[in-house]
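Following this line, the structures themselves.
You will see two complexes here that share chain A, one where it goes with chain B and one where it goes with chain C.
This part shows the complex of A and B:
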């Protein structure tokens, strides 16, 4: 069995089927892109995998263990970290403390909460150095500009030391230059053995760094494969540009 | 103004310092705004009063039981926080005052509206505490509360509480079991309140339902907010200021509520973080003066 597998994953919100029988397979060590038009169900898929939502039908297996129905904090400690599309730093805590909160995931059980965290500061600072935030370690996270808040999101995910990292639109709102830095950072994370799944709208970014791409439309998988295959798939072009555009383009 | 009077004011101030430190865990760190903290205080006081008068336990023997009872009831009363948050939690904590107050008032076991009287003064090696002794006893507990608070502020538990206090969704993604930590916050906070209650009961010698009403809850929260929510220095300073100031300003007794109301309103506008809170004017200034002073000493050295 692969690192992450979903079987017939389905989520209904009232009469709306946001995710419709999705079989997603993520292999160890790959960078897997999930793309699709607005409302295709990408973020819902992430929320299902990380336990924020319970599937209506279907199962999710991570490391051969069934994880659907587990609470989010358990899934995180099993080795899945995520970032949020709209960044959610703890604005009143310092940048360093934000990373410490994530590093603490291994101490939130048994007597861990009643032990001091001072010894972890050095490790948290190293993580901030690796994402280029070390010089802002002691300012409140809410005062960081958006580009750096996205870096902090990734720094927190790194501090969780996951096997699988889910990045929800990490490039949204970034400048071209910042995207260059992000590519390099994701490359370094993958080099440490972490598997990455990312939801993204910026096509150039996805095409550049992903090895496999899954395309969702109206909650269904409409295409899957290497970037160049997917880019030329008529169903994908139709989903993005509407019916008739295939002929017009052809 | 006699020494006895000063020591009495001091003892009550100490009890309120323990209460603000207690509320600081719950509201300062975990951001669970409680307008029912006097209920926890009252449970501690009543537990101490009953154990002393009905079971004949000494202050010292009863103290662990008082803390245990208050913690358990505190956890139970904290359960609504798992279902409601923000404004709705504030409303349900207001309700706690009235529920707990009614239980004290309408069950004869708790003495009804006659309260419980003749609670003995604690002894230490057979000698009863006098005014001076009790002041010392109270401040020994204040010191203990401050030291344990400082310790807790350096633990993973405080980080987790501050994290979910600000954003529960993000905190879950950091591996934090939010429900468990909310219960921890209520439990720890109640334990401190229990000690404050026991000190009160044995000092005053009697407990009545009205001692632990809604207005007292507001007092405790006002002290913490005025001093600086989320800081130990703020909790201690706020209790000191709001206990001592009204005593010093007895001559404007009739306008007391007016003045404290105005002070709180002005604080909300100009220093919402509290007088000594994070980034407050007074705190930054005193840090600046301290730094200036240190530099002066350093450059003055040959």
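This part shows the complex of A and C:
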């Protein structure tokens, strides 16, 4: 079994089927992109995998273990970290404390909640250094500009030391230059043995860094494969540009 | 000097306000629930201590400890048994449920212990302070010293420990806290445990100080604690400690004026109305 597998994963919101029988397979070590037009069900898929939502049908296996229905923090401890499309730092905590909250996840229940966390600071600083936030460690996270808040989200996810990292539109709202930095950062994270799944709107970014791409439309997988294959798939072009555009594009 | 003596009274009163308001503030800060039943926990702590004193031992410390333990566990029980299931409902639901629990607790105390006042005959060896200017009795000194100790411990827990950091994270963004691995239920349960234990301590201390325990002893406390939490700025622990002390100072000094013929317990609400009119986020709030 691969690192992450979903089987017939389905989520209904009232009459709307947001995710429709999705079989997603993520292999260890790959950068896997999930793309699709607005409302295709990408974020819902992430919410299902991370336990924010319970699937209506289907199963999710991570490291050969069934994880659907587990609470979010349990899934985190098993090794899945995520970032959010809309960045949500703990605005009144410092940048360093934001990372420390995440770093503490493996201790909260074990070594005694009332133990001081002072010795974790060094490790948290190293993480901040690797994402280029070391010099801002002590300012409130809410005062960071948006590009750096995204880096903080990734730093927080890194502090969880996951095997699988889910990035929800990490490039949204970033300048071209910042995107360059982000690519390089994702590359470094993967180099440490982390598998990455990212949801993205910007095709160019996904085409550049992903090895495998899954395309969703109306909650369904309409294509999957290497970036070049997917980019030339008529169904994908149609989903993105609308019916009738296949001929025009072809 | 009279001023110093009044200050002693104010400190004792303010200590009880602060100890109760802390739990309310922490619960409000994280769950955004107005936990009215918290005042029932205060009474429960006092009754537990009363049981210890009348049936087990007269030792004050044992009574205090068991009162705090019972209060803490009752707090966790209220969270896990009730609030946990209704947190996602509109906020009015947990509020009304909370009022219901509070009333039920009051009635339960009345059924179990009768509607009378019980004396609280604990014994304690503790110093007192006598100066030419003011007097701090044994019990007053005990309250001031213990409250200082609790506040210090709370400061350390909130600012230096993992759970303190987790609470801060939870109070800012509960679902995000879960996403970065904080076991939210556990953090909230611990929060109830600690906040309720402090309310229980306040109940025991006040029972000992006034030498009485009765079913409705939490009523005025319930209302005042809310005033303190609002004044302190909804969910700011430091704010509610300062607000508690401030309220006690105002009450004590206004109440000691000879021409002031106003019910003392109403001052809090006058203050509340004034603050809400001119500074709706509370004295120390950021909202």
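Here, the second predicted complex is superposed on the first by the 248 of 250 C-alpha atoms of A that agree within 3 Å, B and C clash if a C-alpha of one lies under 4 Å from a C-alpha of the other, contacts with A are read in each partner's own complex, and residues count from 1 in each chain.
The rule we apply is simple: contacts are C-beta pairs under 8 Å (C-beta built on N, C-alpha and C of every residue); 3 or more make two chains touch, one makes a residue touch a chain.
Since the structure is predicted, the reported quantities are computational estimates derived from the model, not experimental observations.
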Superposed partners chain B and chain C on chain A - clash or fit: clash
First, second, both or neither for A:240, with chain B first and chain C second: neither
Contacts of A:76 with chain B and chain C, given as first, second, both or neither: both
Touched partner set for A:52, first chain B, second chain C, both or neither: both
Chain A residues contacted in one complex by chain B, in the other by chain C: 50, 52, 71-73, 76-77, 81-82, 84, 88, 90-93, 97, 100-102, 104-108, 113-118, 156, 160
Touch list for chain A against partner chain B, complex: 50, 52, 71-73, 76-77, 81-82, 84, 88-93, 97, 100-102, 104-108, 112-118, 156, 160
Contact set on chain B toward chain A in their complex: 151-152, 154-157, 159-160, 162-163, 166-167, 169-178, 181, 184, 278
Residue ranges of chain C touching chain A (in the complex, touch as defined): 157, 160-163, 165-166, 168-169, 172-173, 175-187, 190
Residue numbers on chain A that touch chain C, as the complex places them: 50, 52, 71-74, 76-77, 81-82, 84, 88, 90-93, 97, 100-102, 104-109, 113-118, 156-157, 159-160
